[in-house]
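Got a structure for you, questions after.
In this document, chain identifiers A, B, C and D correspond to the written order of the chains, with residue numbering beginning at 1 in each.
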């Protein structure tokens, strides 16, 4: 850790080679996770010429779960984007906290497929909520590490501000797990509410503010 | 938005980190969308030693639909290429308009597989036309945003010029949807005409002109 | 084309944004083509505890075809590497000649799977030879275009030198197509000889020479 | 090889175009290898509403094998990261030693799927150990080449230090192959011990030390 002061300051953050490769690897994983979910979604052959409302419902559920998962993965990608950007260095702990986050992200297609095929199953909804909750927690671990190793006071403050906003999200996903076994529709509500809230004007405004702060400081560092 | 003037001018467009990651993520999604369609195309085992004209026809239809979809995705990728290049900054709206465009692009393999398996189905042709129309519209939303946030008068003029050319394309795909239920061959014609026109000398000449304008100004900015 | 002189000289080749995105998109396509072939290769479940020599043979044929196709795609990737590096600009013709080459590359998994499943089928060997021949031809079209638009006399000479070496390769793959229907083993020989020759000392020495020439001039340009 | 002195010194290592493309291609292959393993893991439909302990066990074995393989591939990716970073040039030998390493990496999903489906099969455990052993050996060949062509004495010393640590790892995987046929649980132990050891404090400390040395010298070179 003693070399941090010297090497961390020399190159602008966004050009440091190790960060660049973490970005490249992570971007590819995010892109593939988003896209392989599509491999599972087939328009039922019955619908080509005939009518089959059961097949249509099945297809609709798969498509809706895909759209939800696309938005969830895209939100995580956006967070990752700003998080890696502020990392002062790509040490071994960063690498493995990032790998841990990616491992949970790659489980999303598995639970998305299960939930898409069984949208009324309490277990499917609970499994989906559990995996997204673990994604959120693993991103928080990465962010906490970033806050700890950063020497930029401004970045640290931003990380702590975002970290405080994480707990309500974790609580909603945690609540979805037992709720799924009481009433699966309540679990679905929990799964939908956070991606939907992300687009609310008030949340967007705060996000915009944080992002513009990141950008300003990030450029000032370089 | 107040930080746009300062931060947007400092680095040449193509080196700004956030644009770079949007590019990387989008390129990966485009590449995977193009390639996973191949997973669905199998040469029928019957054709290894015996003759089976039905199997050959099925395979031919899948292959033709793949080639068409490859060209469609590649045209969108080319447009994306020039569009991102002129984006002054990668704000949250840009991110999500881009995610929206990518979401529609990832639906192309689903409808391509359905149309390839059922080339005479009116619904399959209509579904394909609908998804490509939505891709076109979602790219236009991204471009309109780029035109709005750009401070470069030249880029704005180019965006508006391209935006005007979008409506005939949207109209052709929109027309294909009802036409499919009257005569599926007319819908196919609509699906084929635009990718084919893209290679006509007159369209190519205009495209070349626009691209060389982009390049010239893009470099001048940097 | 009039802007070529000015813009082509300003930035070192390897930093020009449009070339960079062609590289990124192509690299992703090459990487996915190589990797999705693996999705088709399953170790037969029968082999977990019992013996089944038929299943073992089938698996062996799939694995051998995969290894061959990996080497073929990797050779094309290596050529693409040096080709894009010398492109003075990424104009629309370059983009579409590149897309054409990628389209043929994405067909390799389809014929590899067919040949792996039916290694004694004349049609499978002929289809494989046909697709690899078309890949070679489409790369030559791209290279001829590069030779034409390049202003660097040295690059032009190198391109012409490589182009002359293409014809024997095309001839071998073309010969494999009729040979497959006479004796499938001769077609296999044609398919194996070129990737094998690539590693012969004499061919490697010439390749090394050409590459070091590219590198030297490429750096001198930048 | 005569041009090495001149061209290898001119640009900082991490900006040399040919290294960059090897990185990009390799990162994409690593990312796809990690992610396509997920395509094989399905939560059994029986578990949506009913209980089926056999299906649950099967799913658990697949998931555990996936997690193990994710860690194995991520360790190789991390090593690759530091290895490519120190390569003085991307010559043809580097390219093909890298391709060889990637070929073995792409076989991991095949044996992971087989081991996940048959966790008690001696052959499956032996096949898995064999492939990971070959990955380790192929990375050592690449590293030995890097040590040979490097002009940086410091990098050479580091490479030799890491190369000495490779043999115990190869020995453990080699031992797992015969052990699998005596007692499959011992083979599993061999497969688990190395990824687990990677996270032991003492190993982590040494790894950290080596990495910080790489970083320091790498930056000093640029």
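Convention: a residue touches a chain if its C-beta (ideal position, glycine included) is under 8 Å from a C-beta of that chain, and two chains touch if they have at least 3 such contacts.
Given the structure is predicted, the values throughout are model-derived calculations rather than measurements.
Least-squares overlay of CA atoms from subunit A onto subunit B yields a rotation of 90° to the nearest 5. The pairing of subunit B with subunit C is characterised as different-residue: of all residue numbers used at this interface, under half are used by both copies. Centre-to-centre separation between subunit B and subunit C, using Cα means, comes to 26 Å.
Chain geometry summary: the mean Cα position of subunit B and that of subunit D are 36 Å apart. Contact with two or more other chains is made by residues 24, 28, 32, 36, 39 of subunit D.
If you check the complex, the residues on subunit A that touch subunit D are 3, 7, 10-11, 17-18, 20-21, 24-25, 28-29, 32-33, 36, 39, 89, 91-92, 95-96, 99, 102-103, 106-107, 109-111, 113-114, 117-118, 121, 123-124, 127. Listed in rising order, the residues of subunit C touching subunit D in the complex are 13-14, 23-24, 27-28, 30-32, 34-36, 38-39, 41-43, 45, 47-49, 67, 70-71, 74, 77-78, 81, 85, 199, 204, 207-208, 211-212, 215-216, 218-219.
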